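Look at the two complexes coming up: chain A is in both, with chain B in one and chain C in the other.
Presenting the complex of A and B:
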């Protein structure tokens, strides 16, 4: 009787996970294996072939001779190196601000979070209009302060900065809330003790808040890095990678290769390379989390 | 001393208001322009009060979205897909999570770990093989191409499992003694008592589906099947000089998510704290 109940529980256990296992297996696990295989193949997408010819490491070797990909790689790296520190710092400072217990602070938190709940498509369109050289808000403001009109997204030297400003505008509120929930986890006693010992506000923040928040800081930096490496939608909508390839990024390049130029095998190799980069960031994160740094 | 405190408060509020303006001014500009005829959008470009109060306010931009640009269909498509995915993934993920949290079966840990591997691979990377599979299954241009891959995911299972593990098992033991079966415990006891995680997850799924862009962009060609984000993008690409309509379409697309957020704010915050961050 006892054994029978155990077997019954096991059968139910398998039954309950079965739908999830089948779906995840089909649309998440199998695709990982398939992606690696595809990266060693060449496809004729137009004839609708599902099986490609093996070409060894050709796709990977091509990637390192493909100037457009190297350019996209460089742009993505530049984008990440600018966005991660600026956005994290903005989020942290604003979290300190909205952590103050004053009247109406909830309203400010809500306002700061508004861009986060709008989709990237919507925000990209907003900002494409804002940057419009003919009627855009950005030039109106510049003119108001007596500055000259700019071309923004049409100017190769300004386009990437414009995309960066838009991305930070959309996302910092999300990281602000993460910092805020970290800040609220710190007990007030610590600050009171520091105040009694004669520490200034600045000292308290740099010697208490920062060390106690290091896990949150790490989490935010890693998340921002991942998001930046995978940036796609704003580029698709605002610049199509231009002008002069100045805003071409890795995922945009992969998508173009796969679905516009039908180089499915080559695009897969690029996707594997992107995955390896992201995996390295993940491993770095896990290592740091385990060691008590 | 008191004077100094008031002064500090004024500075604090000024900074808070200044940051708010960087968000509100662009939003207001878009909103106002969505009520303007096209020729007015190019006219009021001087940064002044006039810029933020439409003179010849009109609803035409919005009406045309539905009459000419099929936004009714896009919204309906998105609502149907979102509803199916939200309900389906809620049941499938939570049932699996309950099994992983409470039932004992050989290989439980191993299966769970293997599922978690998929969390490390970003969707942007999976796009290509997923496209090949959907094409092979002949599901391109079908709603099931959007629904099936979204019905189960490791994050959802992980999320619910965490919630169930926090749940005291004494109630379940009492129910078992009373002769209650495992599925009844799941559906009658566990689920009704995990309301808050369910709402949090539901919001995440709804916003994820409503905002979804790169995947529908990849598998949909037929404009009758477009979801809202693809519809906006299409309007923006094909009729780029219809400024008023574009402004209105962006507002219409953003509005439901803003309303959802304003009403259910506390669950958004819970979603953040539950995503595994600790200070």
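Presenting the complex of A and C:
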């Protein structure tokens, strides 16, 4: 049979992308489509049925009357607003520090990066031990300096801050590495030229490093924002959303609705809402970038 | 041109995916209606979990399986074992897949939730009434939802006070052993107060008691299970008799009294706010509330530690929460007759004795519990007396997960200083909303 060369190439092309398409279709596209469909249904997973009853926008409307969800939303927002600036700044400053040609700098880079390679679950468990009010390391240190013991995770006003400190410690090394690669991408020539023109170290940083790192900074901001909005593991392990609901976050709330209360439809609606929020934030941040170029 | 191609790709992958997901449906034959003894054949799978290190119990399960396979020709029983912590998820996955195992392990308070989803087979037509009546009373009520039986108890459970013998002696207190001598709440409070030790700087060195399995910072069914005892002992209840009302029940003066007592224990620092690893055997907490299973852990890991048990305290009422693991047959199982035959071997007097002797659990069959050697020992006497006389099942409700969650949060909130009446009102409303939403 005669097949045109062009068609042949096209078929070959489709065959090459087919494995990826199947995998993405099965594990990304199909679940997302199913999620959106389920968010309009009252769906009980345990019945073993494939389809639930359609209830229109009921799940979405309920979300805005659900005080626990609104509380979780508020907590997640607070978490994000604290974590994103602090973590990005720390990552940036530490990247400046380790971007030096000193002997043994690799050791420092490794130390900062170590928490990143550890599992979030493991890290959460041992920070929970650090925060233990009776035997924890944190209180030992406080006592050593003559300060009073704290309750940390068992104190409604401290619990979220404790989780935030741990999360920043865990992830900052990763973003430091991204800043570092950004810094090393900046040509030495620019700094040399500036030095000849009489620019100080501080001026070089603010007029050369920062503008040239704009893209990296934006990337880090988007990634940390997304990670923060999706925070779940440490909450599940360290606080279960307590005390007094002060550490309840959106994803934990979704998990609870889906897998503890069997409200799959409602949980799907919440997941779609979270998806839209993250999408909007990302679009906004990308627009911010475009306006500058 | 580009758009067209992307569209084509999308269509291809959707077709592929829907084709794949359709593959699983064919074997889903309905088997309702043709249940008789002659149908006992083929393979059944049993979804179960194992406690680490508990070889004796697994051996017993295998012994039951071998005997059953020998007496029923052509039958194979297959256990699908999962670690305990992962079991609930596996169970949900199995049921949701539409091709579940033939026998599944279910925690008592969730029976109604699964049954109301249509996930479980009613066992009335299999189970002879006389045999069902052999169970202890609390187990009988826990197995039923909406007038039908949906599960069979593997064993029962009860909780009691475990105390540190040396600390008790030091304080000059002689705790009760028999249920009839049980402490009142006031006495329990006095004892906890005496046992609490503070250092020179006022920091707690020993907490007098831990009034729940876990602390106000924990959650999960174990916490709900033990918290509910305080509500009942105060004379209250979480829901009304038929499980339709929480308002007026969970926020009744009785429940509020229970919350106040629980709050007092924590605000006065007689009980820890957060979990301490091995708090009891290392002498950080003098009294804990837990079940017969704790004995195994203490005996094996802390052989030099001296402890003993006492019955739970009472206030207006004497009550102990019961309920443990049960077995049920998923509604989409295609070999129900064989599944039931095997369940019967596991839960009849012989099977019950065999299993409970191996695992150390409380037998759910009255005669087996009464004759049990282990539960005649002084250490387990309080639990035996409680299960036989004042044991009470947790509320039967299809929205039990929400009820349990709200109950745990209410106790946690008051321990963290919230007003008991307001907290009770708040969570009674949460429970009521869950019930009403379900009944709509």
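We adopt the following convention: the second predicted complex is superposed on the first by the 273 of 293 C-alpha atoms of A that agree within 3 Å, B and C clash if a C-alpha of one lies under 4 Å from a C-alpha of the other, contacts with A are read in each partner's own complex, and residues count from 1 in each chain.
Here, a residue touches a chain if its C-beta (ideal position, glycine included) is under 8 Å from a C-beta of that chain, and two chains touch if they have at least 3 such contacts.
Everything quoted here is computed from the prediction, not taken from an experiment.
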With both structures placed on chain A, which of the two partners, chain B or chain C, ends up touching more residues of chain A?
B
Touching A:153 in the superposition: chain B (first), chain C (second), both, neither?
second
Looking at the overlay, what does A:242 touch: chain B (first), chain C (second), both, or neither?
second
Can A:78 be said to touch chain B (first), chain C (second), both, or neither?
neither
Between chain B and chain C, whom does A:29 touch in the aligned arrangement: first, second, both, or neither?
both
Please indicate which partner A:260 is in contact with in the superposed arrangement: first for chain B, second for chain C, both, or neither.
second
Please write out, lowest number first, the residues of chain A touched by both chain B and chain C across the two complexes.
14, 17, 21, 24, 26, 29-30, 48, 50, 134-135, 259
Give the list of chain C residues in touch with chain A in this complex.
9-10, 12-14, 16-17, 20-21, 25, 89, 92, 95-98, 100, 113-114, 117-119, 203-204, 216-219, 272-274, 276, 284, 330-332, 399, 401-402, 405, 409, 412-413, 416, 418, 434
Using the touch definition from the top, list the residues of chain B that touch chain A in their complex.
9, 12-13, 15-16, 19-20, 22-27, 29-30, 33, 41-42, 45-47, 51, 92-93, 95-96, 98-100, 103-106, 108, 111, 114-115, 117-118, 120-122, 124-133, 135-136, 148-149, 151-154, 157, 182-183, 186, 207, 210-211, 213-214, 217-218, 229, 232-233, 236, 243, 246-247, 249-250, 253-254, 257-258, 260-262, 265, 268-269, 272-273, 277-279
Given the complex, residues on chain A that touch chain B span 6, 9-14, 16-17, 19-21, 23-24, 26-32, 34-35, 38, 48, 50, 94, 97-98, 100, 102, 105, 108, 110-115, 117-122, 125-130, 134-137, 139-141, 143-144, 169, 174, 177-178, 181-183, 185-186, 212-213, 215-216, 219, 226, 230, 232-233, 236-237, 251, 254-255, 258-259, 264, 267-268, 271-272, 274-275, 278-279, 282
For a test of understanding, state which residues of chain A touch chain C in their complex under the given definition.
14, 17-18, 21-22, 24-26, 29-30, 33, 44-50, 132-135, 149, 151, 153-154, 156, 239-240, 242-245, 256, 259-262
